[in-house]
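By letter and in written order, the chains are A, B and C; residue numbering begins at 1 in each of them.
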Amino acid sequence: MNFNNIQNLINTLIPSLPSWIVFMSAAIFISFFVINAVVMTGALTVWLERRLLARIQSRLGPNRWGPFGLFTPIADIIKMIGKEDIVPSTADKKIFNLAPIVLLVPVLLVFAVIPMSSNSFLGQLNIGILFIVGVTGFNTLAVFMAAWSSRNKYALFGAMRGVAMLLSYEVPMALSIVSVVLTTNFILNIEGSSLSALSLVGIVEAQRIPFFILQPLGCLIFVTAASAEMSRAPFDMIESESELGAGYHTEYSGIKFAIFQLTEFLAPVATAAIISVMFAGGIRGLSIIPGSISLIAKIFIIVLIFIWIRATWPRLRVDQIMNFAWKFLLPLSLINIFSQAVLLQIFLSSSSISNTELWIIAGINWIIAAVSIFILAKVFGHKGRAKNIPIPSPLANMEFKSE
Amino acid sequence: MSTILYPENLLEILPDDLKNSINDTNSDSISISPSEVLKFAKFFRNDPRLQMETIISLTGVDYIEFFEIVYHLRSMKRNTSMIFCTQIFDRSDPNLPSVSSIWRGADLQEREVFDLMGIRFTNHPNMSRILLWEGFNGHPLRKDFEYIDLTDKNNAS
Amino acid sequence: MPLKTEPVTINLGPQHPSTHGVFRLKVTFDGEQIVDAEPVMGYMHRGTEKLAEERSYVQIVTLTDRLDWVSSMTNNLSYVRTVEKLANIDVPIRAQYLRVICSELQRIASHLIATGFLMQELGTFGGTPLMYCFREREKILDMFEMLCGARVTLSYMRPGGLIQDAPPEFWERLKIFTSEMPGYVDELESLISDNEVVLARTKNVGILSDRVAVDASITGPMLRATGVRWDLRKAHPYEIYNSLHFEVPIGSNGDTFDRYFVRINEIRESIKLINQAVEQIPSGPIRTEIPYFFKPPVGTAFSSVEAPKGELGFYIVSDGGISPYRCHIRSPSFINLTVLKDLLVGASMADLIVIFGSIDVVMGEVDR
């Protein structure tokens, strides 16, 4: 199902309609379908996250409303819609009202280009990955809009941290995408495919073996940078519940807060979708399972990993996060691009391509990944729990016997 | 087992000039006049036989005729503890030199005594109310404190 | 062009997720760095000392529960010991053993809460370590419920002994608890102590030197984290601590990690203490009967115990009446806050929360 199919369907059902009406109605149908499906996925993720966190923390989690508490998110949403929508009197009202929408729309737009079958909803966009990088860049703006317009110091603190962090992590994220595009381009050229290396369909097509096996370093960098981009633990700087109250959306309430929450829970789904397309082969999988099912399964496995990380890792400090981006991830991503380019040039220069060559590249990449991470961790990492034996201070002597 | 230094032990250690300015001794503490507090405190802290480096507790008691400020000291080095106290007879503006320059631990405790008992410690870096709010009338731990109705708008300042 | 930043003043609290109650900090930031911090307390001042002047000696036990509500047992112990010292009441040996067992259980519960909330403040969402800590604390609270019917505000002790003897089920549960607890502590530690992010966030954060700590009357795990080996249970053994063997864990340089680490090790030592006490406990009466409105002789008494947060002392002045003439509480949480400003200035905002969490204060005890 994609845009062209719907247009053809409308044309056959009601012939002789003006083409712009066909275009508009197909667009509205697709948007309606995608937005509803995505929002329901968000609600499901809320439930999944709460239940899974509860399992990890040996609690029960929401289990009252519906089977296994499945309807809890719906009750939450109804409650939040029913709440009063407060706009602080000193807030910049236009921007204050606009910020949640600016935050939500890019996340929805990401789903438009994800190839759920052999094609994506919007048809084959041949700059799909650039589109994703472009629209996800909006969240920096939205966070700052929300914080600045609400005139709250806590919010401003969150946004200041957030903007610094989000901008920093765009760099390693983009660089890890570059290496994916590079590999795709090589493979598609050799295969003689007409697909663009920047299109997500092309990236899926090129994954004879999944890219997380072919270039583990790139996958690791992308996952790390992406979890910073959506500001989840251990990078949840813009919210930092224990420090800043609620961070950038401190002043929001009612349906706007609901939109923020929805975005927060949709972001992992969107990110997982991008990761599974770029690194886990997208719709590729077992031949007996339909491609979309296997993609959805991959998405949820990655979401589960994100939840797992969130349940176990504390938050880093903002300076440590910046250090991590510039001193650790940036060198790693440069190493990744360089080694990938060299390996591709050496092994894939012939006119035909076989899987053995790809497996050799994968093996070398794993070794490079392990060695470079080990060395960089030794250089920049924490020295671990120092085994220094505590020396009792001379200021106290409990066994002192007065003469 | 830590040793408690009773007045008779202290009298052995104290030099003559300090010994003469002791007002009174009872079974477990020595009593000195308010003006001598700093001199004694410096001695207790610095004397190598005492080394009272920690002030465990500083508190005041309102005996109606006078206020008594009680200092509980401890030496963690020598595992000993001792008590000394001082009496202030001025009820209208009781004041006392602050020992927070000698023991930092006295800082908050002196503010608490000021807040609840109304004894002003001179030379304290920040002599202000700590538990009650600024503008509260009176000092609750004094025996002549009159209860006020906080629900009354006129009193709840 | 020279960069110019303006300091920003933020009110942290009195309503803030990480202030352990209603505590307010006026903090001035230069960017993320703290340039000035002023603690403002008293939002929870209930006048415990004044209330105590109007209650009988037995009734005050219930007031002490509400000082530090995560360690009511040690609060009770400190108060009843002072009254016993004032009135020269002898306590039966069995009661003393039970008191030690209870206060060590309470110490475990309190340290679990301190550790859990420290991890919560480090930002583990929903607090997986916090939930693990609470799971173990629930067991202790269940045991307290067997002893006295209450879970948090216990009032289990009385001047002269305890309100009642422990039921047989208590001993069975205690046996299970002490055999399982070391494993849980190891599990908790493996989750926390080797975590790279925890180390990065707590090592060399909020360093307190031993000299400043002794000078500022800091007590409890915060003092021991600086390397000062001082524990009232060893230095001035009360009850039957003399006949029990245990170590006093200390830290190396007094940073946030050391404070956490001392607490974890103290939990281990407490389990050892409980095991020894359970082995040695004799049978016998558990209370020296005193009248409800008993009148101690005229005099003063100061006595303190090693509460989980530090040295908790009571100074009671008796005029021979049925209620104390003056009852001063030397509360560790309050006095440990003396050095708060030193620790905070120069740290960043994220450190503020962690440092404050590692001091482990309970506002009921700070404001009294």
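In the analysis below, a contact is a pair of C-beta atoms (placed from the backbone, for glycine too) under 8 Å apart; a residue touches a chain by one contact, two chains touch by 3 or more.
Keep in mind the model is a prediction, meaning the values are calculated, not measured.
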Central chain (by mean CA position): C
Which of B-C and A-C has more C-beta pairs touching across its chains: A-C
Distance between the centres, which are taken as Cα means, of subunit B and subunit A, whole angstrom: 61
Rounded Å distance between subunit B and subunit C, as computed from the means of their C-alpha atoms: 25
Geometric centre distance via CA averages, subunit C-subunit A, whole Å: 43
In subunit B, residues with contacts to at least two other chains: 53, 76, 79
Multi-partner residues of subunit A (each touching 2 or more other chains): 395-396, 398
Shared interface positions of subunit C, touching two or more other chains: 214, 228, 230, 235
Residue ranges of subunit C in contact with subunit A within the complex: 8, 10, 16-18, 29, 32, 119-128, 131-132, 135, 191, 193-201, 203, 210-211, 214, 226-231, 234-235, 248, 250-252, 258, 348-353
Partner subunit C, residues of subunit A touching it in the complex: 53, 56-59, 153-154, 157, 161, 233-234, 236, 240-243, 245, 310-320, 381-382, 384-386, 388-393, 395-396, 398
Subunit A residues within the subunit B interface of the complex: 394-400, 402
Subunit A contact footprint on subunit B (complex, rising order): 3, 53, 76-80
Interface residues, subunit C side, partner subunit B - complex: 41-42, 45, 47, 49-50, 212, 214-218, 228, 230, 235-237, 300, 302, 304, 311, 313, 315, 317, 325-326, 328, 330, 334-335, 337-339, 367-368
